[in-house]
Amino acid sequence: MSLEISQGTPVEISEERALTDSRRQMVLNMGPQHPSTHGVLRVILTMEGETIVGCDPVLGYLHRGVEKLGETHRYSQFVPWTDRTDYVAAPSNNLGYILAVERLCGIEAPERATYWRMIMGELARLASHLVWLGTHALDIGALSMSLYCFRERELILDIFETFCGARLTTNMMEMGGFSRPIPDNLPGMVRDFCNIFPEKQVEYESLLSANPIWLSRTRGVGVIEPDAAISMSLTGACLRGSGINYDVRKATPYLYYDRMDFEVPLGTRGDVYDRYLVRMEEMRQSISIIEQCLDQMPTDGPLSLTESPYVIPPHDSVMKTAEDMQRHFIWVIKGFSPPKGEVYQAIEHSKGELGYYVVSDGTPIPYRVRLRTPDFVNLQSLPYMAQGAALADVVALIGTIDIVLGSVDR
Amino acid sequence: MAEEQQTGGPADSPGRRIWATGHWGPTEPEEHPAVIAVRERFPDSFVDAVNFRDEMTIRVDRPALREIVLFLRDESSLRYNFLSDLTAVDMLRLRDNPRFDVVVQLYSIPRRQRLRVKAAFNDGDPVPSMTLLYEGANWLEREAYDMFGIVFEGHPDLRRMLLPDDWDEGHPLRKDYPLRGYREYVQPGFENPAPRVRSRFRRP
Amino acid sequence: MDANLLSSYIFAVVVLNVLLGLMAYMTYLERKLMAAMQDRVGPNRTGPVGLLQPIADGIKLLVKEDIIPKHADRRIFLLAPLLSFVLAPVAAAVIPFGDSITVFGHEVNLYVADINVAALYFLAIGSMGVYGIILGGYASANRYSLLGGLRSAAQVISYEIILGLSLVGVFILSGSLSLVEIVNQQSETLHLGPLQLPNWFILSQPLAFVIFLIAAVAETNRAPFDLPEAETELIGGFHTEYSGFRFSFFFLAEYISMIVISLFGATIFLGGTDGPIRDGVWWLALKAFIFLFFYIWLRTTVPRFRYDQLMGLAWKVLLPLVLINILLTGFIRLWGLGML
Amino acid sequence: MAAEVLVFNLLSGIAIVSAAAMIMMRNPVHSAIALVITFVNVAAVFIMLRAEFLAVVQIIVYTGAILVLILFVLMLVNPDELPDFHGARPMQQIFGFGLGIILLAEIAVAILTRTVVAEPGPWTEDGMAAVGGNVQAIGQVLYSGYVLPIQATALVLLAATIGALFLGRPDEDEEPTPSRRTVATISLAHTRGSDQDEIPALSSANIKHEAGDRDLIMARDADEFTSTPEDDQKGQQE
C-alpha cells in the first residue's frame, strides 16, 4: 500500500531558491511581546518586502505543564486547572473535563443540571466569541469593536458571577451536577441577556459586515481548502468556514444537544471573512439554544446526584446525617476512585473540538490527563495561510484562528 | 491494562446515558466494522480490541500503525479521515513492558464515528509518523516528542514544541520525571533554593 | 528693524504657542470624543472633567527616561524627532487667520507671511516632514521601525502627489497660489437665482475636496492610513524605540500637523475666515474643528488598510480621479461652462 | 545690504560644506542627509534670488520625493555589505582626480568668460509684476516658448518609467513567489473543482444570504455536507 501525501500541501520553496533569496529576505521576529499575537505567541516570519515567504510559530511561553499537574491532583482538584487553560471560556473547559470524568465513572447529572450546563457552555461560547470579535477587529484596526464587545461580555460575566461567584476562572461545575443552588434571579438574567444581545449583534455587523475596508482586509485572505482543513485537523469555525459540517454538538451530540433545534453555519469560500460570518451566525444559534434550554428545562428537580460515591454529598445532608458527613469526609480527604479505563470526551468548545483524554488506574488521581485543545491544533494552519500573505494579514490570520495562549501552551 | 478494565461503574441513574449515543459504533468488538476490517486485513498486526464506556479501542503492533491508520482513512466503508488527537501515555507504573502507548484518536466526518487506535512500544523504538496521512499530526507529534521523547519516524520537523529548544532536562510527562524538575532553582524571597519535590500528593 | 517684520515675528510666536496649546487639548478632545463614541467616560480624574489630563501627560512624557537603543544610529536617532517637531508648525506660517487688525496703532496682518507660492510652500514643508519618520525608523535599528519608515516613505510620496493634484483645480479657478488671495476670492457671495451661496471652493470642487480629505488623512498618518505606526502590526512603527520627550516630539508633531492641515483645508475649500455673520478667526476654528472631528470619527469607526491596498487606492483610484478633475476644471476655466 | 551678503555667504557655505560631506560620509544614509541639507540651502539661495517658485519646487521634487526614494533604497542596504568607497586603484584615483579638475576648470571658464553679465533679461522685477508674479512668469515661459522641450521631457520621463518597470520586472525563469490563493467556491456543499465565481449551491442546502455576494450554508442535519458528492458516489458503487 502506497503512502500518498495528503492534498493541500502548502507551497514549498526549493532550497536553491531559499539560498539565492536569503539576501533580499528579512527575518522578522513577531512576539512574544507583540500587541496582536494574543498573548505570548511568537512567530518567526521570513519576508520579502512585506510578503511572507516563511512562517514558524514558536510556542511554549505560557507552558505550565497542565497535563503533568493533572497527574498529581485528584480528579476534583483538577477542575480549577481547566479554567486556566482557555480562560476566556472557562465553563466550557470545566464542562469537557467533568463530562470526561463522569463518563469514566459511569454517572450522569440530573436533567436540570444538564440544561444549566448547556446554558453555561453556550454563554461561555458567546463570551469567547465576543472576545474574539473584539480583538480580531482591533487587530485589523477597528478600535471601537473591542469596547462594544467587552460591554456585552460584561453581562455574561455578571451571569457567571451570579451563578458561581467568579467571573473569569469560574470552576463552576462538579461531578454529578452542581453543588450550589441556582439563584432565583438567574433565569431572568439569562433571558434578559438573550433579549438584549441580538440587537447588539446587529450593531456589530453594521460596523463591520458591509464596511469596504473590513471586506478588503478579510475577503480572499487566509483561504483554507476543505481537504487541507480536514488534513490539518482543524475544528470549529476554521473547519466550518471551509464548508465542512463538523460541529461536535451536531455530529456526536453530548448533553442534550440532540434535543435542540439549531443549525450549523458553513462558509463557502474558506477565507477570513467566511470564518467571521460563521462565528457571527454561531452567536445567533447560541442565543437560540439558550432560549430553548430555558423553555425546556424542568423548573424543579435535583441539581446533583445524591447517592453516588463519585459525587460530593450536598451541603444540607452533610449537616444533617452522619452517613453523608462520613461520605463527605472521605470524598474530601481521599477523593474517589473511578474504575480502571480510559475515555476520550470531545465537546464543541467555542474554538473547536475540545477533547479530554483521561486514563484512570483505579486510584483517586488520574493516571494521565490529556487536553486536546482546539486552538493548539488550529494554529497549525497559520504557516499554511501565511504563505504569500502580507505582514498585515498575519495579524488578521492569528485573529481568525482565535487562539488563547493559555490553551495553546497549556 | 485491557484485561483489568471493568466494563462499567455502578449505575446511578436509569435510562439512556447522555454519553452512550453510539458515537463509537457498535459496542461489541466482534460487531464493529473497523475491528472486523482491521483484523481481516492485518491479522498479524492486530492485537485486540477493547470496549470501555462504549469507546472502541483497537490495539495494534507498532510497525504496522501507519498502514493500519492509512487503511482506516482510505477504506471507503470506514473513512476515518480526521485525526482528532495524537498523544502518548507513559505506562511505567501500570506494566513492565513495553513502556509507552501511542494513542491515535480518529474520527470519520462522513460516518460520524470515533475510533481509538493504540500501539505499544518501548523507549527508543521509532514510531511511524502520521504526518504523511494527516498534516495535523505535525504539531501533535512534536508535542509527544517534547513531552515523552518519542521519536516519530518520517516526521519532517521533529523539534521541541512547548519547551525551549535548548531544554536539557528530559521529557517532563514521563512518569519518572519529578513534578518540579530535576534542578534546584532559586526562589526569590527565600534563602534556600526550592527543594526537589516529587509531589505534594502521594499516591496511595 | 522693519515694524512690519517685527509684527510678523510676534505673530509667528503667538501662532506657535496657540498651536502648542491647541495640540495639548487636541489630545484631550480626541480622548473625550473617542470615549463618547465608544460608550465609556474618558479621562476624568485629573482636574475638573479631566481638563488637566494633557498637562499631566506632558509632565509624564518629559520626566520619563530617554532610552537610546544600543545599536541605534545615535546622531540620526536624536535628530529625527526634532526634525519632525520643528517642521510641523512651520507650515502654519502661510495660513491667513483673518484681515489685519490694529494693535497699538500698528496695523498687524493676521498671517505670518503672504508669499505668492504659499500653497506650494505648504506642500513642500509637508513633504519634508516625512524625513523625521523615515530617519527615526532607520536609526532605531529595529525592524519594525524600519518597516514603518519604509511604509511611510512610500505612503507619503504617493499621497503627496494626490494632495498636490487635488489642489490644482482650486489653483486653476483662483488663478493664484497665495492663500490670502484664495480666501479673498471665496469671501464673495454667489447668486444662483434665489439662492445665495458662499463662493467656497468646496461647491465648485467637490470631488477635489473629497480627495483632499482622504489624502490629508493619509498625509498625517492617521487611521485608517496609520500604517507607519500601526500598533497591531508594527507595534509602534517608527517610534517603537522612542521614549520620553523624544517620543512626545513625534506625538506633538503628529497632532500639530493634523491641526495645521485642518486649517489649510478649511482655508482652501471652506472659505477660511469667511462666515455668514461677522467674518473672523472663529469661523476658521469652527471649520478646522469639523475636519478634526472627522479625523477622530474615522479613527473610531474604520479598520486599517493593508499596505498594498493603500498604494492601490492612491495610484489606481485617486490619481485617475484627480487627473479627471483637473481636466474638467481646465475645460471649465477655458470655456466658462456652467456657473463660472 | 551687508546682511543679505552675509546670509548668502552662510547659505552657500553650508551648501558647499554639506555637498562635500555628502561625498565624504561613509554611511550612505548620512550622505543622503547631507544632500538634503545642500538642497535646502540651495532652495534658500533661490529664495534670495526672488525665485520662490523654483525654491519650493526644488524642495518638493528633490528633497520631498527623489531623496526619499533614494533613502528608501539605502535603508535596505546593510552598510557592511557596501564596497569600500575610498579603496580605488592608484590609476583610477589619478584619473578621477584629473577628471574632477577638468570639470571644475570648465565651470571656472564658463563663469569667467560670461558675456551677459549685468545685462538684465526680460524678467526684471517690473516685468515680473506685470504678469502677476514669478509663478505666472514661469508658467507663461514654459507653456509658450518652451512647449516642445516640455513635451519632449515628458516623453523621455515616460520612457524612463516604462524602462524602469521593465527592468524591475521579476525574471520569468525564476520560480514565482507564492502568491495569495485565489478565492474559488470550495465548499462541500458545492460541486468541487470549479474556479467560477458564482456556483449554485446544492438544491438541498439551506442558504442564508449574508452581506454582499456571500452566502452562509445552514446545515440542519448532521449528515449534510460531510463529504463531497464524488466520494458519496464512490461509496455507493462499492
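We call the chains A, B, C and D, going by the order they appear; numbering starts again at 1 in every chain.
In this section, contacts are C-beta pairs under 8 Å (C-beta built on N, C-alpha and C of every residue); 3 or more make two chains touch, one makes a residue touch a chain.
Everything quoted here is computed from the prediction, not taken from an experiment.
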item	value
Highest-count interface - the chain pair sharing the most C-beta contacts	A-B
Chain located farthest away, centre of chain C as origin (C-alpha)	B
Centroid distance [mean C-alpha coordinates] between chain B and chain A, Å	22
Separation of chain B from chain C, taking each centre as the mean of its C-alpha atoms, in whole Å	63
Intercentroid distance (Cα basis), chain D paired with chain A, Å	48
Inter-chain centre distance, chain B versus chain D - centres from mean C-alpha coordinates, in Å	59
Contacts with 2+ other chains: residues of chain B	109, 112
Multi-partner residues of chain A (at least 2 other chains)	244-246, 251
Chain contact graph, described as a line, ring, star, complete graph or other shape	other
Chain pairs that touch, as defined at the top of this document	A-B, A-C, A-D, B-D, C-D
Residues of chain C touching chain D in the complex	73, 75-76, 79, 115-117, 120-121, 123-124, 126-128, 130-131, 134-135, 137-138, 146, 149-150, 153-154, 156-157, 160, 164, 177
Touch list for chain A against partner chain B, complex	1, 3, 5-6, 8-9, 59-60, 63, 65, 67-69, 71-74, 99, 102-108, 110, 114, 176, 228, 230-234, 244-246, 251-256, 258, 305, 307-310, 334, 338-346, 353, 355, 357, 359, 361-365, 367-368, 370, 372, 376-377, 379-380, 409-410
Residues of chain C touching chain A in the complex	34, 37-40, 143-144, 147, 223-224, 226-227, 230-233, 235, 299-309
Chain A residues within the chain C interface of the complex	26, 28-29, 34-36, 50, 137-144, 147-148, 151, 207-208, 211, 213-214, 216-217, 390-395
Chain D residues touching chain A - in the complex, by the definition given at the top	174-175, 177-190, 201, 206, 208, 210-212, 214-220, 222-226
